[in-house]
Every structure is written in structure tokens, then in C-alpha cells.
């Protein structure tokens, strides 16, 4: 039944997110990788880039040339730096190829916020208008059949999923949201630098980009969208000495006294049908190890009653639910496949 | 000049904190370890417990028997579980031996809070009244010459030092303090259990004891003491896959609009003369690797102006400034030695 | 088609190897876990033992009682300490249930070597005679249809696969084999102890049980079997600060001058058809990260020509190819399923 | 007494080895760092390069200019890439500054082996003749008063110290030495690359440069020197997911049957007076954690009697005894200071 599989290309095939996409797509019953492109001097085997893929039935990695993708390319995943992917998107769409962009280029409804945040000019503001923010749990209906999906950032995924039920219910005092997030080192990408050097990252823990990380406006735009009111947050990311995983501890003041039980029930109900959100039973707490290499987001809620403050903890694998897994989930939703296929 | 050194005993000599004490005391010019006691079946060499101390000029570890410490024992460090040390303290004090207790037994001014928090009965409420909370940066004058010093907990050290200048200046809106703390695994102590198993701790990050950790009342009591008003906080500890280090990210609402520069100046001035508090220059951020194996507390402050919220980041080594180093600092202050000796 | 799946029980369901079995069996198209038994006080959800399995469609863990396994139990995996499993095996076999034992109980052809090595008495010497050593690459034909398979140890798997082609060709000088093996911490099992405490294992590397590890006789027996002559080796295991993976660096003197190319060709041919052995192309080297969470054994060979010495490097995941993955592979072979099913 | 301290310069002050030198020299009673030079665009504070040194009483890092070192510069440590330091050495020596070179430039008695091994031309073959190999335990007498000391490589230190007693006693069959060494990631230096990226190094273990590492000829030259006969070895280095530490497991065939006790006694006696070599009591095994941040080399010997093979395990901190600590030890010996000063 190989002829029925959807042909998939990955542009930017040397990124960590690309390795993760390949891990998932190789076990996907309805997709087949037909092209891999990246900045390479000469074609190279995938196994030379990702040792764990040595011998896998995959095409070689070719130089980037979106005009010469195989005929049977139906969808493309873009694992490219900001602004680079946005230049290729129009070419792909013109050829009828659906685009799942893992960069930030199409994540903002208002492209000027993107331009301010990333200090660049948007290569395709027009295209930006029709892009869909690919968080299926919240915007599933919009993704079905769509051909341009902007896959959310890793931190935003963990924080937006963690706050969505409260936002929709308007239960939080505006201006009180704090997200204290902790990420594994793979979030910093594959390019070696001082931060990702083993000897600097290991046995170390630090905050970075306090209240100035590029994911903050993305989070704010989506919280605003969910609540219908302008929402802001204080966002502080930290680097954890581990390869993968994001855990966000989110604090917010409640408008009214609400019991922990009631909020727990609200969350359980909100995510009841979701295959990839696991609201934990009371007493259990999320852990990044529990979600590693899965597309699951674990969530727990607690109420500090004397302070009338809710504490939400959410955990994802930054490379899966925070990137490649969610991209495949969007791909599945867009194409009308089983949403959990390959995941 | 060995005869001039202060004779020191360690009770509970197999704890991680004891190993750290020994590391420090071996290079302390004014102290000499004259006795080591712990729950052992037979006397054993220190090197069998702490491989890095093999061959060091130290007495063997004997069974616990505080009535038979060497004549020249002048001070004792207690590295014992809660309530155990408090039973030995009176015996030691009667013999004129100064006590530096690393447990929580004497940390609370109000011993009933201790009893509620630790779910035990205090073995020596009377003694508790004269115990000094051993945070030299804030209570130095009280420690000089004292014979019963309660060394602060690791999380409290990082959080109280992080908030002290704001508490003293009454700049924070009550009820808005949140401390999101992250600790290395050595904070969980030496007894092996599921949590500290390498395969559970490694490549994992999780919160625990959300708003219910035993250090919370200790922090609150001291913040209250510093500000003169009843203070509370929401405290969430997390476990980091590293051996040592605590980083606390502390959030609080400011009573008035104050610039980051002014708060930074306040902190710089407040800790100006402190040998072990390093308020970082603007732009730099604390990291646990920078303070590992030192008695230093690194601090940085940031202001999220639109939210009128201050963010303080503090980093310590939980086994040093959060335990054994601070104990030696208190020992130095108590005995009138150079406060930095051995550290 | 659930009714066509083979019903599987796991006895000792709290072991690390059991968690790994479940990870594999959950995606196995031809197997269904119908019973989980372990030493538990009361039935408990799998998710309480293995957080990553929370919500998975699995039966609860019951106390051990092999007499009351479900009717549809066709095969059982034993993840039990030595001698414990061997007591249950006869009961299971009597009921027609095939046994895949992950302990050492049935690994030795000569049960007296087992008894000497493990310092116990064998509970079922008679049964031992019909047990098959479950290394499919070498003894596949024997495993087909068998009902008592002893799954090899983790170190033996890496070393025997690494040496098999040379043994079969009789190319090695007797008495010259040295296996210097390095294992992740999960090899030490789930019971917390000093060795597996994060603070002892992390940032540490050490040898242990030099030339006295219990896997040495198992390796020697199988090398002997392969070569037809009594073989011995010097075996030194080491502990690596990582969760999973074994890398063995094996040295042996060659009987004759043979080029690296020739030996590489020999290995490539020997394992040509094997789905789970990956003889790397020249220039590439095995790495435990490449085989983590897979059933693959990576092998490379080098010749130190001046010394007439061959160096073989092999890498496996100790919990997969070194335990649970190989057990499922044997299960597949025994039952005539696709050998790679679930793997 | 600051005026009596020996003025020290470090050239190449941004290397990991330089950070380690500074850590040691700051507590050295007889040395004072008077100049730091490195490739910098503008002078920078040490704290910007090594966070743990923030606030330390050290000069700023200036650009490299050995002609303008302070008047009171008496000794210089070169932490520079191969061939770079050798160009500066003559200039320093002309000015009467003693040179302790941490690169490989002057390690070889025969500079042509150096040239072959490093594929470069030696910048100062003449100077090479008077350089001393700085392994004090074996060549102490030669180092006293010397002004050009080549500090040994990290692997060679661990292996040569491990074999020296056997070499001197001529107890080993030629051609049978195998050194299987394992190193932490800091051995790969500070420049970020794929190998040292946290996500590649973590949870991974691999061999590299099998029988082709540049330290092999250095080891062979020194074993030959010790034994008086041409010695070779098979050397296989591996990378361990930890920051620091080298453990070498060394195998060799014994010429005669000798008991483990006798060899242990030989080693104990050989290193009896050495402050930095710790031959462990029987039963104990070296571990890199035991020697981390110390100048100690731990050694244990075992005999595999049936194979007439000796197994030596040695452990050092690659940055201390394998580099900066040993350099300071040589500095102490050269200047007639207490050999353990600062260490």
C-alpha cells in the first residue's frame, strides 16, 4: 500500500527537529519520506547526520532546491531558521504542497509583532494572514484541510496548554500570570556554541533572557486570543542539564476563591477527549521523563488557597509535542488521518 | 601551631554535609577535626565513606557517643536527622562545647511552628529559645560568641538572601512573593531511594511538594522578621539532574514603580561588604556552576516594569552556602576567626 | 483481530526490564499483555510504577500467583531475581505457557557453573537441560518453537556478538581475549543503593568486579561453544554516568596477519542478513546513543597490525538488545512471528 | 609578603586548563598571577570568561604580547594550541622567564616523532633538546631548576604512572600492553563542536581514534625510556558523559607468574613517598569522582592469574593531574617550593 502513503519532504534535514520528525515518520503508517534537503556540499546519507538512522529506508540528503522535489511530494516540513522557511513557503504552496513550518515565521497573527520580536522583515506578510497556528487541542477545526500551518514554539505549547482552561473561563486576574519554564539543552538547537558545550551545560542550572525571550509575545497573543482580553505574562526560561524536556511552572491569581478540586475537574473535563494531554490524577506530578519521546503533555493543577493563587505544572518533550510531534499531529489533522498516527 | 587550632567534632559523619564539612575543615587554618562520630557498627576510616578523603589526616569514624568526645573538643557540628541532634545539644552545651546544628531543630523562633511543620515534638523547647539562626549576612552580630547556632536550610538561604534588601525596605506588596526554586539531587540526602536513583533523576525535571515543603515556614518566619510584618510566600521546589546547586527565581510585586537600576543599586549597596554575596553586574546572570564548591551566593535582580514586578535570581551550592560552608562561616563568626577562613 | 494476539504475562512487573518490555509489547502487533504480576501489597496501576505508561491500556499489577494467570496466557516473561524465576518455570511449563526468562537461571548448559557462579543451588537442573540460550543471531534454529528460553545477559550479548565471527573462524589466539565493557547505570537494576545514587554515579567513572563478574563464565561458555575449543577471557566491566547502553571494547591476538579489510568483510558477511546487527561502514564507530531504545547491536572492527591484534567495538542498549528487546525477539522467533515485530 | 611571591603569567588564558590553573594559583601561597594574555579583541575581566572567578583578585586578560609582560614575571604557563606556544617559548626564555608548556610541542625527546604525530614542523627543534618531560614522580630530579618544562598529556599521565613500576622492573611481555582509556568531555577543549555539544555527549559512550590517537607515541616514548627497551601499546580512548576525569584500564602479560600481592607491594613501595599517587588498599578501586579537582592519581593493580595478565586501573582529573595541577607541581619543583603548594 506504499502508493497510498502521503509523500513528505523535509527541508532543513539536519536539524534536531528533523531527526525527530524522521523517527516519527518512519513508523507512520500513512506517510512516506520522499525527499530530504539541507545545506550540504554533496548528497549525504541520513546515517551520517543521525547515527540512530543508519540503514533506515530513507532518501539521501540533497542540497536545498524546493523546485525539484519529487512529483509525489504532498507535504513539506520546514526545519529552517527564521525567515528562511518563509521564503520557500510560497514556492511550495504554488506547487500544491502543504507546508508545516516549524519556525516562528507564521506563528503571529500580527506579522508586525513577529517583525519586532525577531528584528527582521517578514518575507511574506500576505501569506501570514492565512497561516494557521498549529495547536490542535485548541484550534483543531482550523487546521483541517489547511495548507499552511505554523507549528507553535516549545515554550508556548507548554504554557498555552497549561493555561487554556483558565483563559477560556476567564478565571485569572489580568497581569498576574508568571511562567517559570525549564528546558533541556536540545531547545538551543544543533549549532554548537558556548551554551551547549557539555562542560558549560552539565552540572549547571541558570535562567536566561529573563522577561525578554522571543516566545513571550507568541504566548501573549494566544492567551489573548483564548480569553478575548489582552493578556500579558512574566516569562522566565531556564536551561536544565538534560537533553530534552520542558517543564513550565505557571502561577496566576484567581479572580475568586475556587477549590483545587473544582479547577482539577475543569482541566480534566477540558482535556477529556484529547489523546495527547494527560491531566494527572490528584497527587501525581508531571515529570519530563514521563513524556520524553512522546507527544504527550502532562498537566497538574494546584491551588495555594491562602494566596488565592493557582499553580499549573505542565511537561512536554520539547522536540516532540514542542516541535516535531506536534507538526506530525497537525499533518495528520490537516490530511484527515488518524490524529495519533505515528505518534 | 596545631595546639592553637580549635578542636572540632562532627556528629553524623557519614552525611553528604559531613563530607563537605571535612573538605572545608581540612584546609581551615584555625580548626582541627578531633572526632568523627556516626552510626557505624565498628570504627571505620573516613576514606571508606568518602573516597576523596582517603589518606587525609583525620580520625576514624566512631560510634555516636557525645559523652566521650576528646578533651580538646571545642565545637561540634551536628549532621543528624531532625530531632536526633536536638537530643545531643544539651549534653554538648553542658560540657561547654559550642553546637552548630545543620538540622532544622533550632531554626524556628517559635518551636510550635517547627513541631507543626515536622510533625514531631521538640526535644528541647527551652534550648530553642536561645538558639541563633545562622545567616551571618543578616544576623552576624547575634552569632558572635554564641554557642548554639541553627544553620539555615538550603532553600531558605537562597530565598532569604534574595529577598532581604526588599524586605528591609518594605518595597514588596504582601502576598505576592513566589519562589520557584530548583535544587540538585544532593539536597535529597545520602540515603538511597527511588527519587535519588540515577535512572529516575537523570534526564528528568519535576516539581515536588508544591506549596507544602517544610522549608516554607522557615522562609516565612525570617521574611517576617526582616520586614517587621507577617509575610507569606508561594514556594515550589524542583529537582534538577545535577549533583549540587540551588537556583531560586523569586517574583514579587513592587509597591511602587522603581527602576531596575535603583533596585540593582540597593542590592549592590546592601551586600557591598559581604565576602560571600556577589551581586552580579547588570547583564550577568547567576548560574549554579559559578558557585559550585564555594560559599558564594550569586544574585541578580530584574524588573518587569509593565507588570511592576521584580524578579530576583539567586544561586548557591546547597551543600556549601546552603549547609556546610555556612556552618563553618557561623563557626568562624562565633569564635571570632576570619569569617572566610577555610572557605 | 485482538483475539488473534498472543496473550503475554510478565512476572516481576516492576523491574526496569519489565518497563522496557511493556514499551515494546504495547506496539507489538501480535502480542497482548494479559497479566502483570509483581511483589505488591495491593493491585496497582502500571502508571504508578512507570510514569510514562500512565493511561496505557494495560492490566493492573497483581501479586505474584502463577497459578491464576488468565486463560489466554500463552507466554510469560520472567523479570525476577536469580533462582526465583526458576521456581516458577516448571509451573508455567506444565500449564503449557512458554517461558522467556530474563534471569541467569537457565543460561548455562552446565548448571554447576551456574551454581558456582551465583553461589546458589539450581532449583530445576532437569529443566535446565532443555533450556535454549536466546541469542537468535547465533542460535536461531534452536529457538523456534521452544518453550523455555534463557535470555542472555547484557554484557554477554555485546561480547559474544562482537566475537562470534572470529570464534567460528578460529582466528584468535587462545587466552588473549580481553573485554573491556562499559555499562549505563540501569544495568544495576531498580533497587536503590549507594552505587545507583545519583550523587555517586554522576560525574564518576569506575571499574568494578574486575575479572570476577558473574557474566564472565556465561561469556566463556558461549565462546567455547562457538569455537569448539575451551575459551577464556579477561573481563572488566565499568560503570558509565548514563542511564542505558553498553559498549564493549574487545581485544584479541590474531593467529595470523589478516588485514582489517578482510576482517571487516568477514563481519559484514556474517551479519549480512541480521535485522538487528549493524556492522558499521569503515570509518564509523559504534556509539551507545545510536542504539538507545533500539534492539540494534552496532559493531566495528579494527586491526592494530603491528601488534597483530584485532579490536572489536560493539554497542547495545542494555535494556533492549541486552534484555527486553532480545526477549521479545526470542518470543517472536519461538512463535514464528516476524522477528522484528514490536522492535 | 606579596613581594616574595613568584610572578606568574598565563598565555592562552581562556582555555579550560587556564581556568584550572587560576583556581589553583589563587590559593597558592608562593605564586601570584601578574599577567593573563589570550586572543581577545579588547581587555576583558576574567569573570567574563570563567564565571566562578568573578571578583577574584586577578589582572584583566590582555591580548597576547609576550614582549610586554610585567617586570615581575618569573614564570609563564602556556595554554596554547600546538606549535603556537613553541614560537613564544624562545622569547620568554631569552627574558629569563621559565616556561611551563601545556601543549605537546616539547613533550618528545625526538622532535621528528612530534612532527610526524602532529603533522607539523617543530618551530624550535633546538629548544626541544633541553626541554624536560614534566612528570615529577618519574623525572623529578631533572625538573629542579629547569626553565623549560613540557607538561605531559592527560592520557599519558594516567598510563605512564600506571605502568612505571612494571616497566622499571621489566616484568611485562613486550607487545602485550593495551590501554583502554576513558575521558570526560573537558579533554576535548573549550572550542564548541559537534562532539562536545551536550546533546551528542550526554547519554552516550563511544570510542574514538582507535589505535591512532596522538598521545600514543608520547606514551610509547616514555615507556621505552622507563624500561630501556622499545615498548609499544595498543591505545583506545573513549569519551565519557562527564565533565572531567580519566580512567585508564591497562592490560599486560606478565613475564612470570607473580602474585597480586607481590605486585601490589611493588606499587605501594614505588609510590610510597609520592604525595599525589595513591595506591589503593586491596579491595578498593579507583574512581574519577575520588580524584576530581585534585592532583591525585589513584592506582589499583589486579592479577588475572589463569591468564598471567596484570590489570592496572588508574584515575586522574584530566584538567588537574592531567594538565594544570601537574604544571603547578612542576612549577613548584622547578622553583624549589613545597611540591604540594596550591595543590
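A, B, C and D label the chains in the order they appear, each numbered from 1.
Assume a residue touches a chain if its C-beta (ideal position, glycine included) is under 8 Å from a C-beta of that chain, and two chains touch if they have at least 3 such contacts.
In this text, all values refer to a predicted model and were calculated from it rather than measured experimentally.
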Based on the averaged CA atom positions, which chain is farthest from chain D?
A
Mind checking the centre-to-centre distance between chain A and chain B? Centres are C-alpha means, answer in whole Å.
40
Can you give the whole-Å distance between the Cα centres of chain B and chain C?
46
Roughly how far is chain A from chain C, centre to centre by C-alpha average, rounded to an integer in Å?
37
Mind pulling the chain C residues that touch 2 or more other chains?
202-203, 241-243, 287, 289, 292
Graph shape for the chains shown, where an edge means the two chains touch. Line, ring, star, complete, or other?
complete
Report the residues of chain D in contact with chain B in the complex, numbered from low to high.
51-52, 54-55, 202-203, 278, 280, 284, 287, 289-294
The chain D residues in contact with chain C across the complex are 175, 178, 180, 182, 184, 200, 202-208, 210-211, 232, 234, 236, 238, 240-245, 247, 249, 251, 285-289, 292, 302, 304, 306-307, 309, 311, 313, 315
Please name which positions on chain C make contact with chain B in the complex.
16, 185-186, 190, 192-194, 196-199, 201-203, 241-243
